[in-house]
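Letters A, B, C, D, E and F name the chains as they come in the text, with residue numbers starting at 1 for each one.
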Amino acid sequence: MRKVTFERNFSKHAEGSCLVKFGDTHVLCTASLEEKTPPWLRNTGKGWVTAEYGMLPRATGERMKREAAAGKQGGRTQEIQRLIGRSLRAVVDLQALGERQITLDCDVIQADGGTRTASITGGWIALYDCLKWMESRNMIKVDRVLKDHVAAISCGVFASQPVIDLDYLEDSSAETDANFVMTGAGGIVEIQGTAEGTPFTEEEFTSLMGLARNGIGELVALQKQAITG
Amino acid sequence: MRKVTFERNFSKHAEGSCLVKFGDTHVLCTASLEEKTPPWLRNTGKGWVTAEYGMLPRATGERMKREAAAGKQGGRTQEIQRLIGRSLRAVVDLQALGERQITLDCDVIQADGGTRTASITGGWIALYDCLKWMESRNMIKVDRVLKDHVAAISCGVFASQPVIDLDYLEDSSAETDANFVMTGAGGIVEIQGTAEGTPFTEEEFTSLMGLARNGIGELVALQKQAITG
Amino acid sequence: MRKVTFERNFSKHAEGSCLVKFGDTHVLCTASLEEKTPPWLRNTGKGWVTAEYGMLPRATGERMKREAAAGKQGGRTQEIQRLIGRSLRAVVDLQALGERQITLDCDVIQADGGTRTASITGGWIALYDCLKWMESRNMIKVDRVLKDHVAAISCGVFASQPVIDLDYLEDSSAETDANFVMTGAGGIVEIQGTAEGTPFTEEEFTSLMGLARNGIGELVALQKQAITG
Amino acid sequence: MRKVTFERNFSKHAEGSCLVKFGDTHVLCTASLEEKTPPWLRNTGKGWVTAEYGMLPRATGERMKREAAAGKQGGRTQEIQRLIGRSLRAVVDLQALGERQITLDCDVIQADGGTRTASITGGWIALYDCLKWMESRNMIKVDRVLKDHVAAISCGVFASQPVIDLDYLEDSSAETDANFVMTGAGGIVEIQGTAEGTPFTEEEFTSLMGLARNGIGELVALQKQAITG
Amino acid sequence: MRKVTFERNFSKHAEGSCLVKFGDTHVLCTASLEEKTPPWLRNTGKGWVTAEYGMLPRATGERMKREAAAGKQGGRTQEIQRLIGRSLRAVVDLQALGERQITLDCDVIQADGGTRTASITGGWIALYDCLKWMESRNMIKVDRVLKDHVAAISCGVFASQPVIDLDYLEDSSAETDANFVMTGAGGIVEIQGTAEGTPFTEEEFTSLMGLARNGIGELVALQKQAITG
Amino acid sequence: MRKVTFERNFSKHAEGSCLVKFGDTHVLCTASLEEKTPPWLRNTGKGWVTAEYGMLPRATGERMKREAAAGKQGGRTQEIQRLIGRSLRAVVDLQALGERQITLDCDVIQADGGTRTASITGGWIALYDCLKWMESRNMIKVDRVLKDHVAAISCGVFASQPVIDLDYLEDSSAETDANFVMTGAGGIVEIQGTAEGTPFTEEEFTSLMGLARNGIGELVALQKQAITG
């Protein structure tokens, strides 16, 4: 696993923020609180946690077209931001949050594989700090809203070996690629596995899940360190 | 598992087509051949298989806004059509296909849960018939292009019980929901598992995968029947 | 005139639905009831009937770009859906309908000429069944809301002969092409005549209108059969 | 019929231009020549004539949203510009035009009913002047490209009386509304008739067509005067 | 400076309107009153003045793509309409206007350089006439709402000479190009200076500002004539 | 003037990059080289330098809607990116660059006033480093392509005092606000001055220009330090 660091309070304005680095993958996660909910939750007493994801055009080896200039978010972007939102909601008690919305913006400053897993793992820190900000204003109790940690890691089969936390080069030529999202207690929140070429076996998949479980354990330990540090 | 049927040659115009029904979920899959490839494959000798997915506005219990009128495809639509495309490409030898593109259009005529898994399973039939059409014109050999069957099924934990092929009601209240895509040989192509509320355990996930393996075995048997029938 | 059939209750979910076939032209018409009106009718006591039209990408001989992916509905689509809406409103008492909206979705499953006339003719059946559904819930009286039948047919001059209900091949090479929409009582609701090459004479036009009148008479008879059958 | 005037060469830049007035309806028509054709005509030796239509936001009694700001052209706009294009192509020999495109822009400066018929009638003048411009550069012969005049008029039943060239007030409360496009020789190019409330009879329609024939005769006479004046 | 004329009440429908000509640059400015404000001003007692700008596709030497057809307003259009709005607001007391919005539509009928400065200068006349219309209905007092004149002119260095009111040819080859917006009292509202090639000096800029001051003085005198004439 | 710093080579992938800070305003500027030019420069031997600008949604005190999600870039964004592009082109010899395009992406990580002036000033560093990268590959000579430094600063009248480099609070309540772009040699490239409330006088403007000249002198000195450091 590459070196993982969290830089809290990276942003002056956001209620919570974190610059997360998984090696050369750097993602800025900010949590923004709004005193309103999506229409379908009005008058239910429940809140919402959602996410948006973006990449700076030159976060990658070749410059990509700016989505704002293209006039729409691509399918990959939408897929990732839906995943981040679901993953974080899995550890939030929306009733205890109350009728408010927290938006996690995960913007990739530099990409080298694993941007979605970094976004989830760093997004949790930004969310935590946003909730702390709210607690200090007597809006909520963090313990009642945030049920657990959540973190994510990619694993893959590369050169016939199971590997964890693939960088861009490994990811590009991996035979199999899977993303795992798990809680601090070890519960599984999301699994996404894709055979890039040859289909994979259940045994391969099980070994990837084992790797992921260990990796996510380490990430959760790092998150704990970060928020107490 | 609900009753599954395939109606081949549903469409007069398409090179291959299939109306697939998983219970009350009905999806029309057409395969359209074009003698061109996406730009990034030009002069590589390789072809491409892609998919587009749509729902008729009143395929569902409440009428949904027509995506053409809304001016864009939603995130869910894009996620599903990317999944269908990847799943079918997993069993196609793109080199043997040659510089051509086959587009699978999967349009949901009526929805009752499991539209993406029906699309993949029925899409394979449409793809097969398109390749047969090409073979009869001496363009390719089906055996060289199509490496295996591929089929998909959803499984979930509903009322604490693992269930297969969830309909809309089951899906809406399932605690956990996973889609599996596998080949005829039993290789895994895609796994997507999501905890809707409480995170799930590895044991639960393994039991869902077992269910899926059986179900996909049956689907592949039905596909074989359909193409020899 | 090609063989015309109506398959009522084709859709499990819609308040009214009909799969209409004019030969190889197959259109699925669904009627969806909503308890709201467009903004300009609020607090007038009046309701609204509107239509949306779409073609599956491979309904035609060559695959067309999906309008949802293109990001907008083309001019032809908008022209047709406006025509369907006007035609059906011509036989509806919007005051008797009350402040509700019925949306007719006409989706072409397979196209072989005359999709707009099939949509109007089949759309009337779906509308009728939707109103019946409402009547059975004591919301309205069908007799007060629906003033008459409405049906449509295309006529053209092909190979110097007036012909009715043109299929795609005839339509493509017709010298003149006209669509007629009439009520059960023989009133004219819409006329659209276009010279594709040479302008046409009033005599030619009158002979087309005569053909249309007979054809629409037959269509109305078939509608009557369908709703009593 | 309201007073109709043509002001040729209204625009300094366009190859042909005409400000046409039908009473208080004022439309600026410009014809722009480009040495290219749409993709489907390349290497056919044929040219193309097309039209675009727009309304200034305050051409009407109440300001309408600017279509450029709204991000798309409405259905009415598209319907009208397609009609203008078809009407003018009906009198053009596209082969004799050669591989070029002429675009007629019809922009409504002030609206008071009948903007589409004014656009067609004035558009013919702009097209004629553009062809004259080309003839003076030895690019074409006007006589070989332009086969006839074309002009258009609206007729309707208003207060139970057939009337010609409806202004906005008449149009808004007309029971029936029809637009006729005819050539100088009296050939019919387009007919569009719509019952706004009660369906109309064949007799009513025939009387409207008679009115239109006379009106278009007058318009063609005025066009002749204008181009010789 | 080219010949400048104002034709008031050019439009039958608008509350205020003016066709302004700066030589061959012709812009139609209409002022439309609406009894509503943008959301951020609700319940503040303040009104708003805003502007939209457009060019007819063939206002220029070569036909430009219609922005409504392109589906968006370009950067230049947005820049100009924001400038027009700011310039007019600089002389309006929004509190005295009350909770209403006046929209200035500036549509370029023919372009020959200086369309934005013509729009501001003619827009002031349309705004004045709109306010007069309101005063005649006892809605406001013009003297309290409209604090001063505002007018604009472009200056540039062309062939090493400072020139005022550049036409298209001068503008295209000017070394430096600056737009000045000033009030009747000589206050500066906006300055936009751009070096097209070589950067310019403060002295050059000062001489352009002197030219502009004189020119705007003349324009204000012409505005005064126009509204009393 | 706030503390200004440049962090070169901030990005692993871009040919040139710089994180520029003006106090709490932080902008990441990357320069991306492509071996192609816009269509209008093909076969002219000339290259192009362009810019795109964006703000992370929570760069500001209140979260702004993500432009990619909104489906278009706002008028302010377009205005700023056009300004950045023009400013940098003013010091580039496009002929000496050759048929290539350099795109400057200026993404605001954190905003506190003056993002456009920071973008220009930091963009020059990224551009310089990109050209150095090219020089080291013998593609160009930096001295022949880059004619001078360019930097920018905002000045305003705040609480009746001329101030330089306004932060967000000062900017929001400034009476007058002007942006100046100048070269290392003191040539003026762009001036944009706006009266937010009361119009300003020529004397005020001249004093702002004096302030700006000094400030830009300092910025150029800092740029020199940065590229030699």
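The rule is short, and it goes like this: a residue touches a chain if its C-beta (ideal position, glycine included) is under 8 Å from a C-beta of that chain, and two chains touch if they have at least 3 such contacts.
Note that the structure is predicted; figures quoted are calculated from it, not measured.
The minimum number of touch steps linking chain C to chain F comes to 3. Listed by label, the chains that touch chain B and also chain F are A.
Any chain that touches chain A and also touches chain D would be listed here, but there is none. When the contact pairs of A-B are set against those of A-F, B-C or E-F, over half line up by residue number only for E-F.
The mean-CA centres of chain C and chain E are about 49 angstrom from one another, to the nearest whole unit.
The distance from the centre of chain D to the centre of chain E, each centre being the mean of the chain's C-alpha atoms, comes to 33 Å. Residue positions of chain F touching 2 or more other chains, listed in rising order: 71-72. Contact ring, oriented from chain E toward chain F: the chain order is E, F, A, B, C, D. Within the complex formed with chain B, the residues of chain C that make contact are 11-14, 17, 24, 28, 30, 32, 34, 52, 54, 56-61, 63, 66-73, 77, 103, 105, 107, 109-110, 112. Across the complex, chain C meets chain D through its residues 72, 74-76, 78-79, 81-82, 86, 90, 178, 182-183, 185, 187-195, 198-202, 205, 209, 213.
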